[in-house]
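Structures incoming, each one as structure tokens.
Look for chain A in each of the two complexes below; its partner is chain B in the first and chain C in the second.
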Partner chain A sequence: MASVETAAVPAGAGLGESLRRAAEAASVPLGSLVVAGLVFALFIWAVAGANPLEVYELMYTGGFGSWFSLQNTLQRAAPLILTALCTALPARLGLVIIGGEGALVLGGLAAAAMGLALHAASPLIVQLGMALAGMAVGAIWIALAGWLRQYRGVNETISSLLLTYIAIAILNQLVEGVMRDPASLNKPSTSHIGDANMIGLIPGTDVHWGLVFGVVACVASYVLMSHTTFGFAARMVGGNVRAARMSGLNVGLLTIVVCALGGAAAGLAGMVEVGAVHGRANGSLAIGYGYTGILVAFLARQNPLAIIPVAILLGGINASSGLLQRRLDLPNASVLVLQGIIFVLILAGETFYGRIRLFRRKEA
Partner chain B sequence: MEGELGLWGIPLAIFAGAIRVSTPFLFVSLGECLTEKSGRINLGLEGTLIMGAMSGYAISYLSGSPWLGVLVAGMAGMLLGALHACICSLPRVNDIAVGIALMLFGTGLAFYLGKPFVQPKADILPAVEFGWWSDIPQVRAALQVNVLFIIGVILAPVILWFLRSTRWGLILRTVGDSADAARAMGYDVLWVRLVATVAGGFLAGIGGAFLSLFYPGSWNESLSSGQGLMAIALVIFARWNPMRCLWASLLFGGTAALGPALQSVGVTQGYYIFNAAPYVLTLAIMIATCSPRRNLAGAPGELSVTK
Partner chain C sequence: MTFDKKISRRLALGGIAAGALTTALPMRSAFAAKKVTIGFIYVGPRDDYGYNQAHAEGAAALKKMADVKIIEEEKVPETLAVEKSMESMINLDGASLIFPTSFGYFDPHMLKMAQKYPKVQFRHAAGMWDKAKHPANAGSYFGYIDECQYLSGIVAGHTSKSGKLGFVAAKPIPQVVRNINAFALGARSANPNATVQVVFTGDWSMPVKEAEATNNMIAQGIDVITCHVDSPKVVIETAERGGIMTCGYHANQSKLAPKGYLTGAEWNWSKVYTDFANQLQADKPLPNFVRGGLKDGFVKTSPYGALVGAEARKHADEVKAKMASTGVVIFKGPLKDNKGNEVIAPGKDYDQFDLWLEGMNWLTQGVIGSIS
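After this line comes the complex of A and B, so read on.
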């Protein structure tokens, strides 16, 4: 295992060194993606008897082929970007948080509640209030997992997923109970926040502002994590907790704050879903954006900037599932299978870092 | 009195639930216990459970034999377990992350392959009637015990004996406590972990078959919601002891039956909240039993989840 040293850039490494690392960071996931594509093609061919080329062509058409489908894809990418941050930010501390779905659901619920409470105010105030409420509740939810990890030693992966199930139960309880709009018969929902209070579209497109929120959040996360002392401290905790403690960092506080930031991003995703898509909180919030977000984060190797293209790619794959179903009669879940295969192979690809000769540092 | 149990219906329903609902918990936790004792955690058992439920149901429908379904469910679990073990055998691959990936993969695959089996009715597993002495229908219903539950109850002490008193059990525990020591003694660590993970997958697959072939006894996409994951948390609570896994599974089964039990006597308020009781209980138990400072008693030394 002598090749592990490539994980850290030695002081004074030149431009060539950082280029080499960037090439490695990009090519290993791309290689995994290609292999995943081949495995899925084999699966589709063997199980469904469909022509894999046709499937991929439809995926491209459904996700990126026209201005209409591209906008649909970008629409779906927005919550994925935000929920991916919920996994990627804590990952810098070495935590594996998979509770983005729960933070999204509760964030959406809180945003709807705030929107209804403020409905008489001016739209800007309502939207601001909704965003703050969603982010605050999401932040608390994931910070809880971080707190439990730090002060009670509870594994954050398990606790964050349990918290997701609890969040969905709270949503169902409230939208079927006290917050239910009596007019919503088939699908219990809260009342509508009002058309005037909805988040609008980016001018000239059919894409809502949620995409911009996501991109801004990613850039801000990148700056925070890579160019501030706070980010340096967080990465230090992720690298070596004991060393971080020795140098006087408040590890507990850092953990909770970073988890809260991740949770706030996922909560904002819930607010966007309510404020830009549904207009009310209901079971449609829990349709798996949080889970796909985990995959986005891992595929982007927990890098906030890489999250944006990866989320768009997976948003496109998701967007094409309807077309696959209509044209080739493939089940909805074929997208889930593809995502699962990608996830497994991306992780298997981890083993190649620092082991490909082309990318290895030249020994002096 | 017949049929009119009043409030006695609640403890009875919880008791019945403890027996019925606990079986998947029991099988998954026993399987996970074996895997974790070898020093590796498989969070993918949630996906394995769903895959087992789907394949068991599908095979029972196609062949007409629910027991063949159980066997195939176990084999599907073994395949997923082998996949987990093989990927984790690669250097520098994180077992927790692979578990999450397999959770999503297993779920997606089961939904995909199981799509044609949502409608048809498959033959389900027979139950042993222990309630013949009673005239009360609820008591009879409560005492319909599935054979898989009995097998699970027998399996718990057998696994305990295997881990404590056999040579193979000792090798497994050595690998789990110190891979270096095991390597020094000449055992192949990756091979032992592969076997332990495959065995764990087999048991989890059978747990899934119970879901679709006995209780609730049908296949649909909302069949499992975190039972596999709760069972993994339950192993930590049970301190990696198979007998304690049995008691903990019964406790969880009873808690999971709380919502339906209250509903059966007419308490409909807070249905979803009572249904969330097992998750809250799992979390509460983890908070109560874990500690940030010391390692848990009985925890395998190589296990990443307790570090």
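After this line comes the complex of A and C, so read on.
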């Protein structure tokens, strides 16, 4: 994963060099997006027999064309921003963590438990407690994958994926067992945390505060990873573990802390699902936000700031799916095909870094 | 009118009231057919051979009606996404009636949208709409499909050679438990020694676990299997490959098992949706709480497969005819659960519409398995 080191500008490089890198980092994925759009247009025309222009027009209408559509998009982007961080932060260490779904699910469950335990307190205390509980449990969950990797040599990709299955099993077990609200007959759920304790919407919009949490978390992650010694140390581990060890860095601790930060972001996403959407924890927590977050993180090339526009793009694609189904009778799978094509082409686009003459470093 | 009759019985029970008893302006309905847009939302794919396909087939029946426009969305998860789908149907397509068909859409999502859009009608499959708590433009409908499971049980009980039946179930919730018990009671009315082995997979769509459960049952000597999962496709196909017999669920799966498919419990949503659409077009108030069984045409059974013998057909047809006329009480005392405790006292009958049955949390005698 050395190619994610976009922010690492060698010492002595001037402003021109920074600009050159920024232009390259922006134009390669944008180029991939354009090619993906063309491939998808061909697919839609050849396989589904629909007019690609009409499809794109509807996608714009459904995702961005009106204030309603834009809010629809932002609402769908909110959880993705947080779950993407769960993959993007450990990626700086060279780890491929794909267990954000598990951290989200358990974070949501912990938040609901805390909300129920504190429900007599003032709403602000309840919400803070829920957020802390969600982040703590999410952090522990992903830190576990980091610990297993560091001290037991277990591949973190596999372990984080398998931990997700365990997380969902724990959720189902508790929600159908000791934590079940006896009144939730056909959809086993915990009790409701109470309407007063819900975190509500950003004033003047229909979008919940999860979006703000996500943006703040991305900016904070960017600052942490690119402008602090901690972030520098983490990137060093990602670049060359042995060199990092030789220079006296505590690689084990760094691994666990960064994994925990990623897990905390996903856990917070779970807390938002409970605190802003459902009011209780149940099987609806495990609907794939964690997995879509992986896609977002890779499309953003593991850059915390890039996660925000990418999540909004994917949110918009998802928001437009309904309109495509209703107006053109296309199956829901068509937007999944588009996401898949984008994913493959962005990854393929990685090979163009440093190969385009325009962006080559000028020899002095 | 089936709807009104059901509702008045419920009123008499004092359980649920409906604001739609007075059918205003009965004369107008014959002439004025309003242009309406009706939205359907499914949690899975429309062609899943199961729960979602059954609803999509019901929606397809409406497409033939004049001046009715049907809009559909599939694979909509039970979270904010479904709220946005409903809003988008209202804001961008002008839907005036929406059917969110998955259980988890009801609370809080559909209720929230019903409050936000009081002029739009919302009707939910299976939710427990309550006049005291929920908006008047919301409501719910469902069918007593356990009647068809009872009939499947009769057929299975007669046809099974080992007397060992299997039931692959998703979650131990009342709707599922009621189907298991009805199937077992039907089977034991045909063969008092029949047993029903239950396996819960834990979720609505777990293809791998469903196949494993089916294979394990085949290995145990079970020779008829039915199920209650979102898509019975895996169970039915696995059983057919294993050379045993099946009873279908949700929709007709006979194509998947041409040899071993005996019969099946199917929804007949086209009847329910057509009634709602007619009332909407005629500007009549829509009923809020609608339930019905075989008699009302809400559910149906798949045609018998070749392996179903004359005795099984006769027995099942007799019970079915009775269900369609006077009705049959499936849950009546004395009845013990599979731990030996009495759950229904002697002489006590529970009519199909009794709300007590909608909280069922015990497995009847003859069922092997546990719900906790």
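Following the convention adopted for this analysis, the second predicted complex is superposed on the first by the 353 of 364 C-alpha atoms of A that agree within 3 Å, B and C clash if a C-alpha of one lies under 4 Å from a C-alpha of the other, contacts with A are read in each partner's own complex, and residues count from 1 in each chain.
Assume a contact is a pair of C-beta atoms (placed from the backbone, for glycine too) under 8 Å apart; a residue touches a chain by one contact, two chains touch by 3 or more.
Quick caveat, the model's predicted, so the values are computed rather than measured.
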Overlay on chain A: chain C relative to chain B, clash or fit: clash
Partner chain(s) touched by A:P331 [first = chain B, second = chain C, both, neither]: both
Touched partner set for A:V96, first chain B, second chain C, both or neither: first
Chain B or chain C, by number of chain A residues touched: B
Touched partner set for A:L295, first chain B, second chain C, both or neither: first
Chain B versus chain C as contact partner of A:E176, first or second or both or neither: both
Touched partner set for A:N72, first chain B, second chain C, both or neither: second
Touching partner for A:I158 - first (chain B), second (chain C), both, neither: first
Chain B versus chain C as contact partner of A:S226, first or second or both or neither: neither
Set of chain A residues, in rising order, touched by both chain B and chain C: 169, 172, 176, 331-332
Touching residues on chain A, where the partner in the complex is chain B: 1, 4, 47, 96, 98, 148, 150-155, 157-159, 161-163, 165-166, 169-170, 172-173, 176, 291, 294-295, 298, 331-341, 343-344, 346-348, 350-351, 353
In the complex with chain A, residue positions of chain B that touch it: 43, 83, 87, 90-94, 96-98, 100-102, 104-109, 111-113, 115, 225-226, 229-230, 232-233, 236, 270-273, 275-276, 279-280, 282-283, 286-287, 290-293, 305-306
Contact set on chain C toward chain A in their complex: 39, 45-46, 71-81, 84-85, 87-89, 91-93, 103-104, 106-108, 126, 128, 171-175, 202-203, 358-359, 372
Chain A to chain C touching residues, read off their complex: 61-62, 68-69, 72, 75-76, 169, 172, 176-177, 185-188, 273, 277-279, 282-284, 287-288, 318-319, 321-323, 325-326, 331-332
